[in-house]
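Two complexes, one shared chain (chain A), two partners (chain B, chain C).
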Partner chain A sequence: MSYNLKFRFAGSGGQGVILGTIILAEAALAEGYQVVQSQSYGPEARGGSCKAEIIVSSEEIVFPKIETADCLAALTQKALDQYIGSVAPDGIVIADSSLTIPESWHGRTEKIDVISTVYDVLKKPMTVNIVALGAINAILGVAGDKALEEAVLARVPKSTGELNMRALEEGRKLYKK
Partner chain B sequence: MSGKRVLMQGNEACVEGALAAGMRFYAGYPITPSTEIAELSALRLPVLGGHFIQMEDEIGSMAAVIGASVAGTKAMTATSGPGFSLKQENIGYAAMAEVPCVIVNVQRVGPSTGMPTSTAQGDIMQCRWGTHGDHPVITIAPSSVSEVYTEIIRAFNLSEKYRVPVIFLMDETVGHMREGIEIPDPDSYQVIDRAMPDKKGDNWRPFAVDSEKDVPKLPPFGMGWRYHITGLTHDERGYPTSSPEKSAAFISRLMNKLALNRDDIISCDSYMLEDADIAVICIGSIGRSAKEAVNRARAKGIKAGVFRPVTVWPFPDKEVTELAKKVKRIVVAEQNCGQIVLEVERCVRGACPVTFKGKANGSMLMPDEILAAIEGGEN
Partner chain C sequence: MSYNLKFRFAGSGGQGVILGTIILAEAALAEGYQVVQSQSYGPEARGGSCKAEIIVSSEEIVFPKIETADCLAALTQKALDQYIGSVAPDGIVIADSSLTIPESWHGRTEKIDVISTVYDVLKKPMTVNIVALGAINAILGVAGDKALEEAVLARVPKSTGELNMRALEEGRKLYKK
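And then the complex of A and B:
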């Protein structure tokens, strides 16, 4: 069966959206798909807007960038407002619960409590990308739980492995089907 | 292919491929979007018995690379626009003294500091003519992460074989994107090492060759062969000369070293050109946009194809001249204000119309923009 996903992850510099897409790309690669990951960001180290994207496909990926996204996940209002216009009408918008969905969007929306979970439950703001990743993969089903866990552990510092596994699990639980 | 697929960034593949080719010395000064090349070289080289030096600037980096190569080590540096400008003087020295080396330029928007994190292809002509004087240079531009790996090996091979600086011309798109690639099995590619001279007679002339197609066999310094290298025009012994006859022989040999071997150096990629009415010519990452544009044109019944010089310099002139006789129109798509198009027009010589489609604002030239140029809507 042919599979093709164009996923864009956007937020603020320092939130780890680039690493989030790298991990998801590695998990998809482990599942046997073709993958391309790319990003765009400004010259600032933190605080600027940051967008990363992956294409996951069962076929060869010719053009490596996304023109129209099948899914946008946004962690900040600025990122949501900036990129919602390039989501396909039948696509999915995943946004933190604190964000306001622009009126122009009429498609499927999944609001998840990422920000409050990292502050109130995990009390570790740095896990924001991994919590989001848990929820995003639960919604999109890009990779199996095991492939995603292994991909996370391969990319985070060893001492934070346990914390990140908890973050991934909390993220997974945020999506209630 | 070893069968193991890994997610690798273009800049990472540049280092891994260079190491596979035998690179054991890196000197550089970090600059976006090439910094990952310095970072990974710093991690990997000491483990392999090689050396990494972060130099005081790009001028010093290029000098250190030349020094390492003269001592017999395969050496590389990486940079982007502003640093590439600084390296030009010493690139000329490497061309003149026939010192093998690889210079990676991951292009970003210029001029000057421009847009550090945004993609561009504005340095194509600088690769050819960035340093002063007539000089030989090879430039290779990859379009995918797996091609970065295999082509950087070819860059080192050509550099060692022809004793010229080879510029490995990436762009931010190729340098920063990650793709799942299979690491090639070492049996699947050739690694060329520097040729040594045959004998050490009293009358040894280090720069003497039998024909202009040949390359001087210069041994590394420190192996007992005494000879002189210089940036001044020199004779077969390596000593400066101002004789018009010797100078004419020197520059003729230097230029013909590549010109007479161009078929061995030039490599091009073709896509759907067999029956094409319209050919899109592009380099590097724009090859990806162009291929997708051609797929969309074909879906509309337009017979289009892609011709992509992988070796940008020497420019595949004969190939483009031949192509122009077969197609009805050529579209040149570039991430700049028009550089390759100048070479294409020179080679087409009016045989067919040439349309230019360029973009230089830091965002990638998209398939639909090239499709519009294929459809003839804009110029």
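And then the complex of A and C:
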């Protein structure tokens, strides 16, 4: 059986989408996959949106550029509008509950309540990428819970470990809802 | 005039080479270049070495995978030995002064005293990627000093800003020596 996922994570600068994809990449690596994690900076990056990508595969990754994504996760309306055109028709769009899905999108959509969770439940806006990651991984099944937890702990400041474990768990619960 | 650089940064896990290339990518972006920053995780990543790459270009980057690097910067012997075979013959190898350059390499070599600087001068081993970055940017001329400083400050914890500015300056000085 072969596994191949092209995942794009987009939001505004400061939401930690690059770190989010690095953590997911490292969790996928721990699960035995080959992974390429990347971000392109060009004229579009100056617009204020930030995106990062990973390819997760059970085989060698020959061409590591993502044209069409299997999944887009977007945390801001701007990022959603900017990247929804490059999601495969049979792909998945994961979006914060506050966002409006463009009418052009007819595929599978998962709304997750990330923004209000970090403000109202955790009261720590900085954990937005980790809450999102918990939900994204629950939806996509990239890595087991333990591999993802360890990948998060390896990348966040030690003093925030406990908070980030709570953030991950809140994120996981968002999908179960 | 067109500019194109394929740069690979390699060391052991924990030396911050991924963050190092992200910072250099963001400094190059501020200088007006297009940039792709990436890291591949596969069977080789399990060996303990860590590498990350950037492509900096004045034009659109069509194929973002680095096969042959224009420059390899290595912080450990293992990483140097592992990646020196994929440096272009007219490329540059930047290596910590403590390392032994393999006999197979006949191109330009720049030895920089990063490891002893972080232990003996700064007494902060965690700054190894930033010291290296100061030297690497002095050698390659990717970004101006100001753009690089701002890129570092945007990515390190606020409380470590001053320390990291010192680290960058010590790195710069290593190349002037």
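Simple rule for what comes next: the second predicted complex is superposed on the first by the 169 of 177 C-alpha atoms of A that agree within 3 Å, B and C clash if a C-alpha of one lies under 4 Å from a C-alpha of the other, contacts with A are read in each partner's own complex, and residues count from 1 in each chain.
Methods note: a residue touches a chain if its C-beta (ideal position, glycine included) is under 8 Å from a C-beta of that chain, and two chains touch if they have at least 3 such contacts.
In this text the structure is predicted, and so the values were computed from the model without any measurement.
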item: Which of chain B and chain C A:88 touches, first, second, both or neither; value: neither
item: First (chain B), second (chain C), both or neither touched by A:101; value: neither
item: Which superposed partner A:67 touches (first chain B, second chain C, both, neither); value: first
item: First (chain B), second (chain C), both or neither touched by A:165; value: neither
item: Chain B versus chain C as contact partner of A:121, first or second or both or neither; value: neither
item: First, second, both or neither for A:157, with chain B first and chain C second; value: second
item: Contact residues of chain A, present in both the chain B and the chain C interface; value: 22, 25-26, 29, 34-43, 61, 63-65
item: Contacting residues of chain B [partner chain A, same complex]; value: 5-7, 32, 116-118, 173, 176-180, 285, 288-289, 291-292, 295, 364, 366-368
item: Of chain A, residues touching chain B in the complex; value: 22, 25-26, 29, 33-43, 61-65, 67
item: List of chain C residues in touch with chain A within their complex; value: 18, 22, 25-26, 28-29, 34-43, 45-46, 60-61, 63-65, 157
